[in-house]
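In what follows, chain A forms one complex with chain B and a second complex with chain C.
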Partner chain A sequence: MTKLSDWHIMGVLAIAGLGLPFLAPGLITQLSFLWLMVIFALTWDMLGGRMGYNSFGNILFFGIGCYAAAVVQRDAGLPYFEALALGLALGAVLAVAAALLFGAALLGIRGHYFAIGTLGLGITAAEVAAGWDYVGAGSGMALPLFPGALGQREFFFCFSLFAVAIVCFLFLRWLYGTRFGLALNAIRDDQDKADAMGLRTTPIKVFAWCIAAFFLSISGGLAANMIGFIDPRDVAFAGATFGVWMVLMAILGGKGTLWGPVLGAVVFHITQELFWTYLLGWQRVALGLLIVVIVVFFPQGIMGWIAERRAAREGAAS
Partner chain B sequence: MSVMLEVREVTKRFGGVVANDRISLTVTQGEIAGLIGPNGSGKTTLFGCITGTLPVDGGEVYFEGQPISHLRAGPIARLGLLRTWQQTRIYGEMTCAENMAISAREAHGGLISLLKPVPAATRIRASDLLAFVGLHEKRDERGGRLSFGQQKLLEFAMALMNEPKLLLLDEPTAGINPTLINGLIDRLRRANAELGVTLLVIEHNMRVIMNLAHRITCLAHGEVLAEGTPDEIRDDARVLDAYLGVA
Partner chain C sequence: MLDNLLLFVQFPPLAVDVVVNGLLIGAIFALAAYGMALVWGVLNIVNVVQGELVVLGGYVTFLLVQWGMPPLIGVPVSALVMFGVGWVLYRAIVFRVVDRDIFISILATFGLAILIQQLANLSFGADVRSVDAGLGPLHFLDGMVTVAWVKLIAFVLALVAGASLWFFLRHARLGQAIRATAQNPRAARILGIDTGRVYAATYALNAALCGAAGSLAVMAWTIHPYMGLPYTVRSFMVVVVAGVGNVGAVVAAGLGLGALENVAGFVLGTEFQIAFVFALMVTILVWRHLRAARRREHLK
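On to the complex of A and B.
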């Protein structure tokens, strides 16, 4: 894919992102969640796809963003938007601090052990939040009311999440073009070799997780306000839904590719909404089957499948 | 010529097995040193001890006069002491050009310096070194798709990209097409002479090591058995005994 066609796709997406809320106001919440899913898949893929560290704990940073925003908005005594901005900033600081702390501890372990360790991280966070009265314990937290006119709220959060998704995509696109991007791939392919070649692998890994934590916490603060209510297990630290979906979307689209996570998020989100609409009662079963189909038929994801087909065609032609 | 590497009484045990038993050897700046010995004599273990991939149980390793046995592989590599592996280690999903680019010395830097694109000068050097080992046509191919012998050449080129002062090569000709071995010997010599890289080479192919090395150390059962010029080693009865079991 050339750079030019990259910008073409981005242009189409930008027009869709800016235009659809006006053209189809009924879909605005779906669209907001779609941008959230794109952020999930992109940030997960940085570790899972580019660096070879399959994290099941990224939901931690999303939850920290949710709670930081909610607490600041409740206690700061500031007007809505000032409180939201401060909450997002605090959430980002806390999430990055958590990534530094847990990254230093967990990124030293590899393979399945890292996956299991991070799984524990999300579950523990949910249990802590559910037992902590300061953040509403098991009954969760309600976010303050949006001050604007009726209907503006949806537009505001849809465009905010869209902006975060765009910034996240462009940032990662730039990052993967630097030596840092190559270093992530080197760690994925053979970390001992990367160490022995003089790469400072630990700071590289921790920094990558900090970047993911930053974008996830921002999206968490916005999503919490969009939903209006945070439950420790079902919204903030929703490991069984959001936490697993991020992995699935990245794998579905194609791990370690630029567009794979975006494509995976779009396909996954649309499929999932169709299941809800047309297979109500069976949507979880259908989702489970979808996961099986993804793993069996698209182990390299859609982008990987396309690349394979293209290589096969070129091989046949030459 | 100054001493570049000094291994002093290094001991390494795996449980009850003493893989390296008070091994001492030196490598002088600018030379090509050889390390031979029958299978299981502790050559690769010694490489691990020198380059920080295995912690030593006794003794000390000095690189340019500085003790390094307490350091891990990364800091030792940044000092300019690098190794290759017998089974070859390359980045399989990355293209040859990318393998080379991330092996450049500037990738040793901190995070800030990593957040830059690969400079044009590095790309050119990578391209030149790939041509040097004969892999220029494969530059856009994924490393994992190369044959074993080509991967060995790629790993060698990656090591040169890192501009080491001392390079430890673990069986560089193993798995390489015999008709290409002479070319490889020539490239090792040129890396030594033109790029100024001191070499310590483990090799089972006697024709190669006798041709290549200025000085050879022979290990057996984890101990230094003999040391000397290729001619001295060739005529050493103990070396013949270790390899063939006859005196």
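On to the complex of A and C.
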């Protein structure tokens, strides 16, 4: 058996990503959400898995992307695609600026203080957006209609999110091979030692958060347009759904591995869709239970489990 | 916003009213915060499900009143019921995460919080609930300052609960066992303390405190299924400010938070009150961190 390399898997995924929308048009929305989940898990894992900073507040950047796109598309008076591009760009700038600002303030804090602090950040954003009339307050914002023919909208956003997910994956794959990737791991393994060896840990951490913020805000602008409506608490700054899912998917797949977040996103998304189909009314209860079960009984994740199995087998063979 | 601030200056009794009511509500925060400090200090976990325990306690009282019981009976009954709930939660889930990485315990209790929220939503509906304690208001300063009787009772009960907790930890056998386990679990085990039981009792005691807080909250204020997280964050904030082992400081910080929050809710508008709570927590963390960083330390 020839060894499976990353490129084989990526090839299969690329074919699936490009082909499935045509083969199974009924699944196109699910597929778009799947790519969104992949972006969520990948960007969360950069901090949570690689750097050891478990953030509950990454949803902040997604929400900033949503709202920036919605406001620009409402107020700029440009044609649809120009406004969308401008909105995505503005969202990215704002999200990176927010990551710089809050990162400088929060990323020095460690452990559970950081986790709860970022949780507070995400919820503050949701509550501010829910009270702020300029962005529609509690009733949210509707996005402009897609100008193309019926059905084109889904294709457009599915492929856009797919493209963002691919770029994000390839970028992170490259990044983890560089000195910067090693620095992230060094911070996770022993921050004081990393400091003592002369790594400038704070700028590295802030920069990593900025990268996550960039991809999240772009995906936020696209997702807002795909959904067509943003609610401050349930879509844009949805801490209790998207915000927790990104953590869960990365853990389910395996924290700190390249394929773990992707795998976790796929497995989680399929599970969740099954819940929605077969447990209607109880799906959110089931999700809460799923979180507890995964975290308590399966914290090493799928990739971690495979590694354990392999280690055990090779140990037995030798 | 400035108008509201000016109102305070032009009409000082209003400021007194807002601050006094805030202080009284703060007693409920202090009650939930004792529990969090206890669990944090003994089990070394941050119990994110704290707020949901408060909300559940509120629903217990709500149900009792629906069945025709007098509301104030709800305080001990809620505490008792939640003691049982806490014991079950500990034996079912929480004991599995006690010795693990602190992030695992945060995420696991967060999952529990979502689970309980959703169950509460399914069983009681998403409506805002409240119970009329039927005690009426009290007027001071020629009726310019109004305080509900039930808030005053809540305040006194919270202080009594704090004092008895302090006494219990000092003098009762179980209280001493709890403190011994907090100091050094291994040594406590060698000396014959069943630390598993102590942990379960601590967690259940915390749930009982939350239950009492929730019962008071439903009478003095309102509850609904998604109101848990603000209580968790308030408790967390109070413990961060007051420290884990200091009951007096927890009371002071809880009361201060209540007053501050009520003033902020009045000045900024109630729609921003929750935003203020969470933003304040982030601010406190950053401030504590900066102070520690100056001494080349970090928050532990």
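Annotations
Following the convention adopted for this analysis, the second predicted complex is superposed on the first by the 313 of 318 C-alpha atoms of A that agree within 3 Å, B and C clash if a C-alpha of one lies under 4 Å from a C-alpha of the other, contacts with A are read in each partner's own complex, and residues count from 1 in each chain.
Note that in this section a contact is a pair of C-beta atoms (placed from the backbone, for glycine too) under 8 Å apart; a residue touches a chain by one contact, two chains touch by 3 or more.
What you see is a predicted model, and the numbers here were worked out from it, not measured in a lab.
Steric overlap between chain B and chain C is absent once the structures are superposed on chain A; the two fit side by side.
Put simply, the three-chain overlay gives an angle of 80° at chain A, taking C-alpha centres for chain B and chain C and rounding to the nearest 10. In the superposition on chain A, A:289 contacts chain C only, with no contact to chain B. Within the superposed three-chain model, A:281 lies in touch with chain C and out of touch with chain B [touch as defined at top]. By the touch criterion stated above, A:100 is placed in contact with neither chain B nor chain C.
Look at A:204: by the touch rule set out above, it reaches chain B but stays clear of chain C.
With both structures placed on the common chain, the touch criterion links A:240 to chain C but leaves chain B unconnected.
Among chain B and chain C, the chain that touches a larger number of residues in chain A is C. Of the two partner chains, neither chain B nor chain C is touched by A:85.
In the superposed pair of complexes, A:185 makes contact with chain B only, with no contact to chain C. This overlay, made by fitting chain A, leaves chain B and chain C with a least C-alpha separation of 6 Å. Contact residues of chain A toward chain C in the complex are 54, 56, 105-106, 108-113, 115-117, 119-121, 123-124, 127-128, 130-131, 137-138, 240, 244, 247-248, 251, 281-282, 284-285, 287-292, 295-297, 299.
The touching residues of chain A, when paired with chain B in their complex, are 175, 177-180, 182-183, 185-186, 188-190, 192-201, 203-204, 207, 256.
Against chain A, the residues of chain C that register as touching in their complex are 46, 48, 93, 96-97, 100-104, 106-108, 110-119, 121-122, 229, 233, 236, 240, 269, 271-272, 274-275, 278-279, 281-282, 285-286, 289, 293, 298-300.
Here chain B touches chain A in the complex through residues 51, 53, 72-74, 77-78, 82-83, 85, 89-94, 98, 101-103, 105-108, 110-111, 113-118, 143, 158, 162, going by the rule given at the top.
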